[in-house]
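Pasting the structures in now, so scroll down.
Each of the next two complexes has subunit A plus one more chain, namely subunit B in the first and subunit C in the second.
Let's turn to the complex of A and B:
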């Protein structure tokens, strides 16, 4: 822990903060008593199914819905044009923070033209999903196929078809950042390494798919939507604006959410359609994406090609890094967060752990006739880290320096903060050196090198990988959110109340998707107030109940929502102590709260219980003097002031075995040393890191949305799109260095994406270490057996 | 992802199932374990008129040893095969292969007969029955018919079973004393459809293959006997040269399919690797026996 961080009441012995407690919702989920959107079934609920474009790009010539309308159980058949009439206007997925960005206006369902296979064209609403699907089969759509743009490398060529003629070309966005003088550094360098890396398209594959239940009451004109969401307030804003319903009449409830990984911070046309149907029919309408629809409509991500170059001195000091990124978006820029943020993050973070001062990074994001892309866990980081860390490994090898030692010479020094990275990002409170030395110790690095050499003698090829990383967490209002112009809150809030019984209600804008955000908020509130966990009830995921906030994404819940909860609890604590001071005729600052009782500071004997304060404060207020007008509640909102992000850092290690005859990779061990600042719940933090790693490893080894040249998605099932399974995953050892962030009193940074961000990089470095003696090198992910065999020249 | 409408009949007797199959022809579809059929129904990839559920029909399950033949009822679940002491003792190839058949949940419902009737090119059981020289017994209202495994698998999901016939049992000669078997499979994740796989049954004497059957699956449209590879190995003392000869011969034996898992060239390469490994293992197992 940072020595300069003063001890607070969170650091008390037996504090709930820093202690492993099991998730509140785990017990219910394990017992099968979770309550997800699809479990909610109001009377007279209808179900929506969609006719989707079978083509990557096609003009819609005609739509015949008559046969479908006649089907038994069908309540409504709606075309894209009819839906557009119910909306205030099409979405345009641009943000002002992305200078020069362009995107074609997008209707919730295709109107004249479908631009990707899977785009909704017609909605059928019926008494059951099965009946809706039966009727959907009877809808006849006449299409005229149009040329598709599938390959991002040729999408900007002069002879390429243009998806949206109004835009002039297929370019969504381009940007270059440059600091120092890269060309000078390269010309003066002893060694220059260049390479090209490619990354497959992924999708989130949450266990619970997208889900929405919309109800509209024409009497009160209230729209209530239960939906599997990470950000209820953003959904409220977007749905209200798109459908022309006043925002205060829209209630969004996110019940239990079965995983999200960034997928559920977006808005989708089929969900708008189902909501429009609920308004039109004044009946509840449910839409649950099935797995096929999930693959063909959930946001995709990660499709990038990066050319990278690193310049170093022969002593192994990095002097410059430069990259060129070609990013493959989908047919439209995803509203409202856009499809260009991933490329932007690659520019922000590549080579980010190191102290070089010359950097140039450019990107072109291009439209393709594929599913729109946007944020997915650790946006851009798996790509930037893989490129940067592979170049670092190659440079170390060229210098003849051990890759760990090479990184030791180049990482930003722990005593050098605050500082600005070569990409222009403010860095503070980081610990690259401490993390690296901890990794050396945890891996048993020297012994592992010896073991590897022994195995080589036996013809067994094992590889050791290392990847240092930075991770942007908890974005502030000065950058993408806020200044970008989207209706997305970058602050978050907590309202906390003392109930007459002495119980505490803690209402937070951040949401839980199964990772335990509610438990963590409860721990912070209980520790700050000095009450038992059992007396705190955390309420999240309901715009009617909680104060306005952004929700949970970008590793922000604990860093932003946690500080709001801490500060709100501090305010309530001050109120409680003031009332206690009056009742006990003591100075409030001589009092403390311990286990639900007000005590004298340093003592444990109860002077008055919080239940008694609650009783008097709510029912017997006459016992208090007139000037005491407390509400026994407090609200606090927290946001970053100047910083773009709270950056975190860490380093991962991997140990793998490569079968050089089959190209199969066996993951043996994995280590993550990371610095998320103050750890609130060690087990939940570890689980976030492990789960994140597994998601990164899935992308590195297995996952890819494969399109053919006609724009047909080839593998929209879980039998063909391979996600990582427990059997193939290594044990993942996690350790935390806790350098508290100086931007909050709580000191917590984000942790949810740190595993994902560097796992693909470290496993690729390990694989390349294993096959280096054979002259093999892999620079494409996923690293399928065929990729490995080709790298080895065996096929 | 909801199945289209279909009729469902739970057959009470074998005779009723056969009669329904006879009446319905291509419109009828047998529902056994349902592990392949149900997903295709829900994805509307197959739209049969009537499902004939044979789960309650008696006399279609069970594993018995009858002389030198193991008789396996078609409705025997994979899990029963995997746990059978008769299989473990007399058909170790199948016991070894069972570890690669999907996952526990699928093995609990899926049946050996269903797997062989469907003839998925990546499935393990078709390769095993071909390697072991099994006989497949089918029945229709007109009577019973025995089909040698070599004549049964015709192509991609295509078999010698007629639309009105029900696969009722599998007769597999026991692995002879002194024979060894090896089952190898490459799948990226455990339980996935195989990229390449090999069922090998061998008689080895003094490091020489006296008799050998190599059946390849995963890469081909149907389980395929590696006749050239077998010829390159049988009668010769096992050596590196021999291994190379077998691998070279394989190029003529196999015609791998390119799919999402990889190219035909990669699959041929993998089958060559598996051939060398299986034969090495067979020599080793014969030596240890």
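Let's turn to the complex of A and C:
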């Protein structure tokens, strides 16, 4: 493609790219024909249940499994020590890119010691889940309770118990980044604002829990695992290596996945155990986490305390930002993605929309006797954005400047890219100014301010919130995983084939969990090749079928997988046109493909159909000269070259009402203006943003995994851990600014986490705007009614 | 331990069925594991999330809170049955067109709950639709699209009388 050419094949009139099209999988879902892991029921399937540690920290003194083994229907009872013998070694959840990071080796099930409540200790495998649970109740484990470390603030104190004595202390990782001279900026500033923010632990709560069905064929020594996963190739590598099965003998299939949100990029010990049982017994073994197990074993996230400071001039120009982050991990660093990304990402993005040049950010990540933490949707961004945007709001108020105007003065200018942020990250192709002005217009900002004032007069306290944001999407190879030593691909691939019928098979390494990845890849392939959408079938989620890839995480599917699909389709298109050129005795570059037919450029009359080319190319190759040896297939693998991420940006607005007597918050309106580059399917992009917002709002308002001082999780049910339901959530208005990224020809950036990343920030700013006249201020999430009333001094 | 069992007879999606079931088996496990109606999903197994919602004698119930033996003699309809009769074909079409689901796991329960508003449709506000659906958890959509799809369906049915 000529970079000078402003329009690509994707920009043709009636292109499938940029158009809303329905998802095929939606048609299955509404008929109840979705096929999730638990819907797959091979004959003679066994079911795994687990005995889990009832203590936050305890030495395992004895395990008696005899009574359980005698139970009817029980096929296997396995202890942690027995499982460890089947494994190549314990996991160590560190990556070399995180300098100085340390973690204790972790067995899939506890061997001598359990380090969080819910850690698997013994597995029981039986004919049904009910029978497995019956037998699990007969397993007797003798424990000696050990002291727990629960509070991240005291975890590094000299007198704190140390969870893993081999590590010397409870510190997992520490890091500081510094740009410019913060202390000088602070000493010269007209106004300095300091505050401390706290964030509760959340978990993903995918509606379909973690699910796995493992089958082993001793004849071929092949292991097939159906699992609810975002990253089949990573699962293949980790399971094969952990269980000592050659990787090429392991097939991972991700059928329909009932929600993922980052939860399902991870590997869990109970899943290794169930797979080991399938190998040992040579029978299918299924493990489906129940909801209690989900709360007590799925990765947690977001537990952070951040001290933040912002320095500004009286004209409202930010001169420095500095933060100190204490991040509460779990008992081990999650293998293989670690438990330190969140803190690292907070350092990367706090204050990220703004042009200031002095920045210092430090973190200490500490181990706690809680569920291990790791990546969950919009990793770190809800925290960094909340801290940064709250400080900005407080600074604006101190300067007496409208918060929208304050941001207008400080955001990076749209004509200033590429540039390096104060955190040291390259930023390019962003549009803060355009997004801000669009938000002003969409909110009807001035009218809204007037309306708010009118309500104040009536004693109704409404607040307007604004939060600008950046979002790291589509991490590149210079980033963390591959370079850090984890078997996770940061590039992704597409293999595309023309079939004899003229149909197109498009196999991609990125995966779909309902976002519409398959539809989007199909749109890109159809638009590029010039074939009807119905001619394209996209295959994903099966390591036996698709080229190697990283799967879907960190908003990478469209940005990375989409470019791979586009380039693969371009290669196939060139092959097709070359064959057509031979058959039609025309120069390939005088030809085009339209609606499944080769045409003369600028014309619509079919000269030869793709079905005819497929027929000749596969069956009647004698009609082609010998030098034409095309396969009618192409593979392209795309990766970022230098960039750490493809950063996106945007801004959110929120309008809320706070009942100052009850502390209840009513969400009235919510706006998101974001820039994900080229939008492939507007409806699907909008819905990513909406769903993401609500996930962020849940964390900001309701969700928290509450632990007591003994390390007992207090609210491991959906009745006690509150999630956002339809009644509390607002309609959400979404608009996209489309600044194409220059790192690909497709120009798409990630979109899946932009809602989540800034929704907590904007709603907290709106709440604080509502209660500011009463001297109230909230800096803790979730913002429960009690938090609000405390902020108002009423309780 | 030998499981205590009972024989039950019931109608599921229009078909008369007689089966011997463990007395402790939940209705949704019976529908999924014994009959293969996997459209009803298990999300929390304690009656909060609504993913297992099915219709029993015209009432929407949590399939995880009802035992199969309690459905003896009942008329049970799942999303598969609703699809076959065409009763909610318009709602399903609008869900697809509006992309009122992502992962699809909540969708059958959501449809069955929303169908209650369609039986004898009355003008409803978006707030009322949201209230009606507030026993069904969706982690993906943020609900906006679901409310749109339900609203469109109700309005169309009202228009067409």
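What we mean here is this: the second predicted complex is superposed on the first by the 790 of 795 C-alpha atoms of A that agree within 3 Å, B and C clash if a C-alpha of one lies under 4 Å from a C-alpha of the other, contacts with A are read in each partner's own complex, and residues count from 1 in each chain.
Just so it is clear, a residue touches a chain if its C-beta (ideal position, glycine included) is under 8 Å from a C-beta of that chain, and two chains touch if they have at least 3 such contacts.
This structure is a prediction, so every number in the text was calculated from the model and none was measured.
**Q** With both complexes overlaid on chain A, does A:620 touch subunit B (first), subunit C (second), both or neither?
**A** A:620 contacts neither subunit B nor subunit C.
**Q** Comparing subunit B against subunit C, which has contacts with more of the residues in subunit A?
**A** More residues of subunit A are touched by C.
**Q** Would you check which partner chain A:31 touches, where first means subunit B only, second means subunit C only, and both and neither mean what they say?
**A** After superposition on chain A, A:31 lies in contact with subunit C alone.
**Q** Just checking: does A:785 make contact with subunit B only, subunit C only, both, or neither of them? Give me first, second, both or neither.
**A** So A:785 only meets subunit B here.
**Q** Between subunit B (first) and subunit C (second), which, if any, makes contact with A:206: first, second, both or neither?
**A** So A:206 only meets subunit C here.
**Q** Mind working out whether A:702 is in touch with subunit B, subunit C, both or neither, as first, second, both or neither?
**A** The answer is first: A:702 touches subunit B but not subunit C.
**Q** Is A:130 contacted by the first partner subunit B, the second partner subunit C, both or neither?
**A** both
**Q** Looking at A:719, would you say it contacts subunit B, subunit C, both, or neither? Reply first, second, both or neither.
**A** both
**Q** Output check: A:291 vs subunit B and subunit C. Expected answer is one of first, second, both, neither. What do you get?
**A** both
**Q** Looking at A:196 after the superposition, I want to know if it touches subunit B, subunit C, both of them or none. Which is it: first, second, both, neither?
**A** Neither partner.
**Q** Which residues of subunit A are in contact with subunit B in one complex and with subunit C in the other?
**A** Shared contact residues on subunit A (touching subunit B in one complex, subunit C in the other): 130, 134, 290-291, 717, 719, 724-725, 727-728.
**Q** Help me check something: in the complex, which residues belonging to subunit C touch subunit A?
**A** Those in contact with subunit A are residues 1-2, 22, 24-25, 32-33, 37-46, 48-49, 51, 78-80, 83, 92, 95-99, 101-108, 111, 126, 129-131, 133-147.
**Q** What part of subunit B is in contact with subunit A in the complex they form?
**A** Going by the criterion above, the answer is residues 1-5, 39, 43-44, 186, 188-193, 195, 260-263, 265-266, 269-270, 273.
**Q** Looking at the complex, which residues from subunit A come into contact with subunit C?
**A** 22-23, 25-36, 38-39, 41, 71-72, 130, 134, 204-209, 256-261, 288, 290-291, 513-516, 683-684, 687, 690-695, 717-719, 723-729, 731-732, 755
**Q** Enumerate the contact residues on subunit A facing subunit B in the complex.
**A** These residues of subunit A touch subunit B: 128-130, 133-134, 137, 290-293, 661-664, 701-702, 706, 714-715, 717, 719-720, 722, 724-725, 727-728, 784-786, 789, 794-795.
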